[in-house]
């Protein structure tokens, strides 16, 4: 628990016909779809609609605040894109909200991005060397500039293909250009992106729940390296980067995605329940109850309970009004902060040997306080079971993590288990600790290990990152720009 | 699901000493305690502190918005009261926020109230006949005026005793008067109120979770008809109304209170799990999975699953960002509104016979849509199991309910089961429906039936309510006022 | 300059007919009339409308912010009252905004008040002794309670007559009761109040400009001690207190009222120009230009220039964006604060002997800085001329003034002129100073001296004020209450 | 009256020393200087400070709202620029607020601009053709991109010189680059820009009042075509464009600038008074009083009165609380709107022959209503005198004007006087009308006619504007870009 998610994107194109006598409208569908993606970003929200020209409405906060519904009526048109944002790059300002709408030589275009490019510094430097300026600190502005340069001489699809040849990192993009939505997923498929049918057209979204929310139906994932084009309520698929190795982010399954989403063919809920079952097999323990750390540990705990036959009983209750975006008054002690967020149910844990199940451990500070809280209510033993392997290294591809030094499992010896694991257990005041194995994680997800990104769990990344080990080499930037 | 809760109150008195070199402060403790009671009211929040004089800070919205933490530093003192409010009486304005602070002949006093008086019209008329005016529409202003009249000739305790002789209805009151907190619970004990120790003093609160939140310890309930006096960090108990019949609100156990609260000696979580077990015994069914309507049905469903041995699996996922206070855009269809709030997990319910467990049914409109949604995802059968008996009659004592005609079970024949129950089942599109019996509810709570208020389930009330049947007669208002 | 005004009131009653096919509406007229009275209060604004029941809309800030125009459409009815407020009694909160709407035994009534009662403490104490409580710190709540008591046994007019017998101080009241507006002016006529015709009915207001704003016509002043009743678009006048001495506030003419208002038959602009002329006769000086301290000194300076034949030239320019309500950042030095508010025009004053004309001097701190500023721009001499006699004593009747010790002219010797006046001149860094004489002020206003309130200029008040000298004795409170 | 001004800019550089033990801070000086320029723009305000890096704070509304003073403490540094904005180009959004801060190959720079470029479309098209994208619709972004391109190969001064060679229009720019402020005034000197000393350094500003406000001293105007460099509290002047014809905007003297500003060596107040005197000579009339349309007509009216010996008396009073930014409720009739803004003083105009003096007439609708209002109060005659020649043509250089068709004097015949002038007089319901002659305007300003921009008065512009006549030819854009 404690990881912070990146962003969610959505795009839609409806046939330009009439529905019950009224013109089909993309804006309300985008609006409600963003509600369904709200868990992926609570900092800002935005919608861009094409209707001859482009119109963008965006603001800070949850969808309901950022996009006053009554103003949607000004966004009339059958095609558009939307975005919810959790900042991965510091500054949180209206300027950085997405979609980013720009004018270029061909008119206006809008871009929304989920992910994190790793070669932005180099790209920015190259573009600035050619005279460019940047108003925001976002990847989207870099992407827009690269795209605008390519669009001078290439068709949109060619331009996007060339773009994909030069940007490195994770990206699930929706681009609104000339009344067409281009949905782009990076060749590694790091972040999720899928598409489906809605009444009168097609939709792309970060997660399938966005479709469920508006009564649509998931059709398929956008494949890694694929561009899906939504135009006039129809769809075309273009596989741009064939044969690339894949690298799906495992933490989408473990933590980020909603349990009711289907990502790359897997229901997240089922993956989590399997993780719980495998965790019970890998780290069995003699105990009286299995209890989740709410809410992220619930499905793991249910799985653990079913496999182990140990009774499932909630030992901790969450305060529903202290959300992910809640900011404690500065004076609040860490201990109080944990008590405000959740409360141990004394009667349920007193005298019990408790298996406490959580999704992951980052720094370990919150985990220790929760263990203390449960123990303080009279638990005879607290056995921590974690639905992911130890996080030993930062993420460079869109997850906001602390520095390596702050990670409780960053020391390699610890991650190996053995003596290091004993130290972690002691630091967390637990009676025992059991992390899911990497093999278990791979099995639970059901995707071959070499198609998963486990950089933060292994320290070996799917992409070249300065100072880190990488599985594959990549193209040279200078080569690309030399031709322009 | 769909009932709306009333309010939460808290009071605190600390020894006037030093803690670690700094004077003890009541305001931060009240502030965090209100966080713990936030589920009881999200419309406004307020704190009154005594420090020689009285100071009150209040505002609209959640605690974090209504009470800017930095302004708490102006509220210095060791004694105070607090309130979170959900309006039971229409108008939602700053004027109606509590605590209500007034000046009277002896200085200033503040009052916070959870509950609903049923003889306010008569009281108001009598007071107005004597020349009084009212600025707000709140019970608290009536209580303040009555109290001020009594305080002219009586001690605070006597005045409160006389007040309890004339006001009729549910009330858990905290009164801040002369640097002392008086915690008052109505003779029937309809709404909860308890007290406990905190570092350096004592605290009263609507629910024990408020104490957990600030690291305090529950000592006991304030007994029905009792006044608990908090002064200088000490406590005195005065049983004012002995021998009254009790009438604890059953919906505190079923729905309002947080599962981790202990009310009148019962852990709410345990009551709910027992309800689930009894429901399984009363209404067994051959099914594949037990699934809660989140969040209110979770504990019931766990109980049902344990008793029935049918697998517990979540078939519905809730959108965490659409809270109790969320207001849908006016244009949202009811069907879409339900889909925004929760989503069925197709893979978990497809082909399954699902036992769907919820806490209660009010109008039935939402329940029907949820049944449709689950069925739409391919469930072979949907069996509704409800953790309470049918609601057949409105509540006059603090729960905001629709009119009798809007209640799906308001027709007496329906509530009896039999043919009426079949109609309900059909209206809700369910394969079968099972409400908990009244006897089962009494057994699960563990309090004798004649000490529970089940007016909304039986149509027979614990108090005289014009046009309704009542268990007990009561004093005449005219008699009281004739002496003043 | 530097005095702070109290409040403005307005009331209206229209015939219940149709105007151009639409029902006549009081709310828009009240709204625009309050714009015309905005100079009398910028802290809050409110409107109460009768339409069978009562509806009140009020809020903090200027009319445009406090009363969102689109919400006026909910206030439908032909009769209503309005208020703009500048707090004279500390706490500035929504709770204290007016009109004050209360329920009483006969239904609901609303009150708006301009002025300040001087026996509120005694009244409050007496009412509290009878069991009353108070929610606000306003005179209006006391008035409402007294009125409600009287209305039990008396007609509205009798009740108001009895009210006028017991409240002491300045009051221009509008009361909305049973669909009728009662406009009440205190027997001394301290604060202004007038009435006039508008299309379809009648209107009362603190100043005639309110009528001008909505296209109405001033008919007459409400006389001191008179009650003017507006009902169904008609008007009745009732002289309640005959033969009382009058005591019109001179500072309405000097500073508070808008120059285009006609108060008690005198155009304020003309009074101010006459003051300027008399000031020139009383305090002639050999100088090059006459220059006002903007804006309050402008009309005086024009009069001075005309009488003295010295050229009128603006030597100071005001920053139009720093209004009466502007709050400087706390870190702003006093010197900078003056420079932000106004700027000397070097070219206009360099080498000149300047007659600088202002309306009044309170503490003298701002005047000194302005003199310094003009001198700093090269003026050869700065002669201060003040359009009022020295303020030597506080006001108890509605003007917010500093304590006696802070008044630069509070020492009696100073106010007499002679040596004390030399000290003031020196403290203000002026070459000479000339205050208008009391005789000059009386002449300029054109009302006999014994019909003016000049308490702050003489230290002798029109009303008994504890610790101050008074011109007249008054009734005993205990006598009144003994009968109730 | 009725023209809308563009923007105001300010820049400051202080020695990096200590003042009274504390480091010198540019931000508070910029903040207060913007107060002094508030009349030039009320829509947004912003400040950029250099302190190693750059920090920009900006927001919507008046300075006091846009720039919360407590947040200035985060802007620590001795050099910075500031801006107040009145949109000349439609969209009013936070995105378009200035200063505009961008990153470029050399780091970060910030730009604030007063004026309007006339070749933006061509510049934008050329830059987009080279691959650029634009996020805002502002001239500043175009300037930033051009500058960034030049800075690749040139020093800042050379880059600015080249920039000045290609942008066409009015511009008073402040650029913050490498800890240095570059103040740039267009070769025609259309918009004002001056510089002066402040304690510890130097300052540039649109008007000298900005210096007065912070206790500084005007030194000189930035000359047309000049770049003034502020660095480390010192100043350097670079005349970049020698020998260009000048074209100072006459409406800065007539309307925009504050009367206490000195622009290009002329005190605005004196120019306005001279205009009033010349107007009296050009258009004498037998009348009883001279009365200004407040506030913009005041100084003209004083001049007219002095020259004509006709008594100066205010016949109209302005509502101080309805500012330039005030937005009337949509339902307000035009007639009511005028009455809310100003009120005729009946007693001052009844039976009088009134000379009514205003600065200019745009559409004429407001003037007609004011004439009607004065006449409605009983004036025997109303003679309009206007402190500027007829406006016959739009401004393309920064003044927000209606289309030609909406201008009351747009028909050439009218502007010539003669029969057309009679029509205008009749349309405005005046007894006579007298506009200042162009010769009179030139004489009053005291700058040779060929150094003034009078495009809106003559239809002949100082710059090539598509479809309009121009005094001078200009460089070809294509030539410039061909070399890059």
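General observations
Letters A, B, C and D mark the chains in the order given here, with residues in each chain numbered from 1 onward.
Everything that follows uses one rule, which is that a contact is a pair of C-beta atoms (placed from the backbone, for glycine too) under 8 Å apart; a residue touches a chain by one contact, two chains touch by 3 or more.
None of the values given here were measured: they were computed from a predicted structure.
Of all chains in the assembly, none touches chain A and also chain D. Each chain's centre was taken as the mean of its CA atoms, and the one lying most distant from chain D is B. If each chain is reduced to the centroid of its CA atoms, chain B and chain C end up 49 Å from each other. Look at where the CA atoms of chain B average out and do the same for chain D: the two points lie 62 Å apart. For this pair, chain A with chain C, the centres built from the Cα atoms lie 62 Å apart. Inter-chain centre distance (chain A to chain B, centres taken as mean C-alpha positions): 38 Å.
Shared contact sites, meaning residues of chain C that touch two or more other chains, are absent.
Taken together, the touching pairs link the chains into one ring where each has two partners. The set of touching chain pairs reads A-B, A-D, B-C, C-D, using the touch definition from the header. Contacts from chain D toward chain A in the complex involve residues 94-95, 100-105, 124-125, 128-136, 141, 144-145, 148-149, 152, 484.
Against chain D, the residues of chain C that register as touching in their complex are 28, 32, 35-36, 38-39, 42, 62-64, 69-70, 209, 212-215, 258-260, 262, 267, 269-270, 295, 298-299, 302, 306, 311-314, 317, 319-324, 326-327, 329-332, 336, 339-340, 343-345, 347-348.
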